[in-house]
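In what follows, subunit A forms one complex with subunit B and a second complex with subunit C.
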Partner chain A sequence: MGWMNFLLRTRGRQRLDWTDVLSYTYLVVGLFTMFAPVVWLVMSSFKTEAAIGQFPPTFMPYTQKTVVVAGHDKPLPLFTVTLDDGRKREMAQVQRMGIMATMVDPAAPEERVQVNIRQREPVNTLKFAWGNYTELFGKFTFGTYLWNSVFITVVATVLTLLFNSMAAFALSKYKFRGQKGVFFLIIATLMIPPTIILVPVFLVINHVGLLNSLWGVILPAVATPTGVFLLRQYMLTIPDELIEAARMDHASEWRIYWRIVLPLSAPALAVLAIFSVMWRWNDFLLPLIVLSKNEFFTLQLALNSFQGELNTQWHYLLAMTVITLLPVTLVFAFLQRYITTGIAGAGVK
Partner chain B sequence: MRFLAFFFNLLEPFFRFGQQRLGLQRLGWLFVAPNLIVFGLFCFLPILINLIYAVTGGVQLMPLSRPYTGAENFQILFECGNYLDLSTCRKDVFWRAIFNTVKFSFIQVGLMVLLAMVTALVLNRKILGRGFWRGVFFYPVLLSPVVVALIWKWLLQSQGAFNAGLVALEMSPVQWLTESGWAFFWTVFVSIWAHMGFYTLILLAGLQAIPKDLYEAAEMDRASPWRTLTRITLPLLMPNLIVVLVLAAIRAVQVFDEVFVLTGGGPGSATTFIVQFIYQTGFAEQIHLYGLAAAASLALAFFLIVLTLAQLRLTRASEAGQKGR
Partner chain C sequence: MSTLELRALYKKFDQTSVIHGVDLQVAHGEFVVFVGPSGCGKSTLLRMIAGLDSPTDGDLLIDGQRVNDVGAAERGCAMVFQSYALYPHMTVYDNMAFGLENAKVPRAEIERKVHEAASLLRLDSLLQRRPTQLSGGQRQRVAIGRAIVRNPKIFLFDEPLSNLDAELRVSMRSELRELHQRLGATMVYVTHDQVEAMTMADKIVVLRAGLVEQVGTPVALYEKPCNTFVAGFIGSPRMNFVPAALVRACPALAAWVPSQAHQVGIRPEHWLACGPGEGLSMTVRHAEYMGAQRLVHAELQDQTRVELLVDGEHALSAGQTIHMRVAEHHLHVFDAQEQRIERAAV
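On to the complex of A and B.
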């Protein structure tokens, strides 16, 4: 029972009381509610098109076994047939007419048996349909969507880090007239949700000729109040003496910025980089109005447009969804601590 | 690394020149310039244009070539034959969107903050693997709205896992997303599922900032857990709770992407919210009515300003209360 004691051990106290039991029950229910839908999606994405249409659905990706029978070009589906005398045999189905099916024994392909379809049960095996994933790259110009998403995310994040750190440097290490006003203006943009200036932003992007261009999504996103705020607060902790010393050595201001202040701000830059990657990768509303042509779609837009189609090809859609949530999940798995402390510290998402 | 150095060195002469012309301290302007240009173009200028759009009509995109129509856009939005009957309104979808948004905000914010509170309290106990559990509740926050919507759409579709469960219990399947009551329920549920972790995190940070000696003192006095919660935890958490409530409300009023993918605003207009109304009026319909969309976004802005002012008021009141104690 050692492991039991280990599991039930709580810091400071010896025993579990009923509130602990309640807490853990709550947590386990939470674990199920938060992860079961995602797990279900991932498992479903490995089902073949036929298995996805089945009702009731199974959790694991089962698919019907097929066999190659001499004299038939295509592999035939395998069934367990209950014969009239009660014996069970595994047989392949040649064709089906109404409620009758013509079955053959794969070992003896000459002998054909007519059975009622209620007498046969499909033989299922566990099979992961990796084809859902590999075939994506040949279809729907999926590669283009992936590239668009990656390009926007990477370029926007690099520019975000550059521009926001420059502004943060000026706001934390210089004293110029209007500095407070600039800081206030930048922070004030936090108060202006993108949804209420949707129409005019569209106009501006259209006017500067960036409609249906990846840059039309990148440029409006590279200045973030959150980023400036986060970096400025961090740079305030860098001692001014360091900068004075560098000036004594005749370092130019630009050099001071990128050789001294930037490297020292690495932790804050890392947090902002993680944020920026997630913001841009998950972005939906701005791309939705800026990118209307298929070849500029990001993954999010492609997902949205495919799920709206009349006969949604769920097996591809699910695989695509899994690919879309994969990077974020990886970032989360490895960098969870930075994200959670960053959010708790700044109170922003 | 070498590439980075090359890139930064490339910009050096530019800033040297700037320093000669501006002087040391005013060089700061050069550093903030890229940010200000981007904000100016894509935030401050749009605010101005939005005001122009709201009082002009027509379908032209350029603000100055649009005919001035005064308050007509607002009249179209708000005018009703009989204010007790929404179907007599000129834009009944807009009214329905407002009604839905208010209903959604109250239910979603109330339930979500309550759940986030409970979760934060549980996570703040002495539990094994707190980091892991915190991550569990936080994970959906990182997922994109489209992915969130598709995850649930897959579960809720007519041949999905939920209906399989119902059939297994020998009940008849339900059209979860095409019956208006259920569709609304799921928009609320899914948005709570997706965002609760964020608020839990803020509340947890607040809980951890409460001095431990207060609880020790309460234990000495044999205070019941309930009394400890209502007399120590909740009052001291009040500032965080207000921030969370207002942030959640500001987000809820702007609900769009998840719902747009999950239900498309339907069935009918049962789950159409204000932002979707703006998007459809301005972009999705045959004739792009930018003026009407802009007027509707000003109405939304009004909601948001009220919420922000409420936050300032409440924060100040609660700070005053703290000092008074």
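On to the complex of A and C.
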């Protein structure tokens, strides 16, 4: 009854309250609706190209079993055939003409039987198509896309942390005329949807000649109002006496920032780093307008470009989608404690 | 040599005036204590000396040099904050070395100075700990150590003992005194606790509402408080204030109360028992037994409450009428403006 204990421990009661039932139901439904598509995606990414197109679809990655039959160079697909007399036999298909298929018993390759295709079922076996992943690295200059994505994410996150923390330090620890005004101006930009400033941003990037450069993606969003707000609120909790003590200790303002304020803001910086990694890795719109050359594509853009006009290689597309999901998933799995405290602390997401 | 001088110092925060013209001279090697009730501006004064706040008006001189426009770091002061303000992410060693590192002192010398200060303060074994792993008293010593290593001209203490428990406060008090004697440095110490002020200071500066009420040695302040505020603030338990008319009505004391006297101050420890008619008669409300002594709360005929410190052996019960007098040199006489009337003027 270990799991029953687990379920009942919410209030230390002996039986489930109706609110417990409700919340568990909600959680299970939520888990299913949110997680099922992802699980389906992961399972499908292990299917062969043929298995993905199969109808009715299967959850697990099945492929048709093949056998090597004497007298045939290639392995033949295996079927379960229902014979005229009602007996079932496993036979390999040699060829198919219209609705009739020529089948052969792998044990007795000389004996050929003509079978209506309705009388046979493919014999499926569980098989993970790792090739979807391994082949990716050789194809589509996947390595370049991965590098572009990683470069943008890492560099942009480092710059975001640096610039936002400097702004937050000034806004939280210095008293100057217009301090509140500046802060509210920064916060006010939260109200402007990014899509609205997309065109001006594009024009600016174009004028400074950063089109088709990774820096064109990194620089425009380095200063974020969310980050400044989050860090400022945290830095307000650092006692002013520490900074005064440092000032009396001959520390320059830069040293106070670098040696005192920054290390003490580590929890808030961690939260912002997580957010920044997620934003940058998942970002699509900005890279889409800034990067038009194939060699600068990020993974997200590459995914989009895989969807060809006539033909989409779904097995590669799915495998690549899984890979793009991985970093964010890992970040979430290991740092979710910081994320929840960050959201609770800053009141933003 | 390191002297400190304040000349007509004013401080305003926006429209609120906090310090209204303070003049003060501190000689080299003096231990000066600023004392006063909360909000009297003593911490602001200290912060102005440190360079953390700038005065609105007036001059601040260290070693005869005007330092109003000199930055906090260049003034050669070291401050020990009320909250200690130790850098929580650094070890004790790094906390003490930080100031020297900033001043670009060679590494070997930093090490020597830190170890020297650490052994002086018995922190040797704690150098690799972080402030969170230390007790209150140890943190206090680290904060002092951080001040010592910089070899400052003037030490500034902002209520450094207020976060310690009573027992530790007493032992730290004498440790600080010893430190002062050993270093011979000028120290300015802020506290709201008059006991600390009395026990530690060479010179006490009593502040009220941004003004200096009296400057003097602990003995001078205790024996000759210049007004009722200082008289009430210095000494524990508080001085009693008895209407002059009541004391004048008592034949044994009348001669010592001049006509312009308004109030007479009598310290609780100066009451002496006497026979009926020889002193003031009062009714005991209750008595607190404190071992060697007994603190008696009593009421004079006109309902003025007074406190008396009497020998612990005297058993007194509530409602009992007692007679008390005071040696005339223990009478403090104040006029209607609450200013002291000197005996010479009587």
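A few remarks follow.
Keep this in mind: the second predicted complex is superposed on the first by the 318 of 349 C-alpha atoms of A that agree within 3 Å, B and C clash if a C-alpha of one lies under 4 Å from a C-alpha of the other, contacts with A are read in each partner's own complex, and residues count from 1 in each chain.
The rule is simple: contacts are C-beta pairs under 8 Å (C-beta built on N, C-alpha and C of every residue); 3 or more make two chains touch, one makes a residue touch a chain.
What you see is a predicted model, and the numbers here were worked out from it, not measured in a lab.
Once subunit A is used to superpose the two complexes, subunit B occupies space next to subunit C without a clash. Within the superposed three-chain model, A:Leu242 lies in touch with subunit C and out of touch with subunit B [touch as defined at top].
After superposition on the shared chain, subunit A has more residues touched by B, the comparison being subunit B against subunit C. Residue contacts after overlaying the shared chain place A:Thr33 against subunit B, while subunit C stays out of touching range.
Touch criterion met: A:Val182 reaches subunit B, while subunit C stays clear of it.
Panel annotation: after superposition on the shared chain A, the angle at the CA centre of subunit A between subunit B and subunit C (CA centres) reads 70 degrees, nearest 10. Applying the stated contact rule after C-alpha superposition, one finds that A:Ser252 touches each of subunit B and subunit C.
Once the two complexes are overlaid on the shared chain, A:Leu264 sits against subunit C while remaining clear of subunit B. Looking at the shared chain after the overlay, A:Lys88 reaches neither subunit B nor subunit C.
This overlay, made by fitting chain A, leaves subunit B and subunit C with a least C-alpha separation of 8 Å. Common to the subunit B and subunit C interfaces on subunit A are residues 252, 255. Residues 8, 11-12, 14-16, 19, 24-32, 34-36, 38-39, 41-50, 53, 61-63, 118-119, 122, 125-128, 131, 133-147, 149-155, 159-161, 163-164, 167-168, 193, 197-198, 201-202, 204-205, 225, 243, 247, 250, 254, 256-257, 260-261, 264, 275, 278-279, 282-283, 290, 293-294, 297-298, 300-301, 304, 308 of subunit B are the ones touching subunit A in the complex.
Of all residues in subunit A, only 7, 9-13, 19-20, 23-24, 26-27, 30-31, 33-35, 37-38, 40-41, 44, 53, 55-57, 162-164, 166-167, 169-171, 174-177, 179, 182, 185-186, 189, 191-193, 195-208, 219-220, 222-223, 228, 252-255, 257-258, 278, 281-285, 288-289, 300, 303-304, 307-308, 314, 317-318, 321, 324-325, 328-329, 331-332, 336-337, 339-340, 343-345, 347, 349 touch subunit B in the complex they form.
By the touch criterion given at the top, residues 239, 241-242, 244-252, 255, 259-260, 263-264 of subunit A touch subunit C in their complex. On the side of subunit C, the complex with subunit A involves touching residues 50-52, 72-73, 77-79, 81-83, 85, 87-89, 98-99, 102-103, 146, 150.
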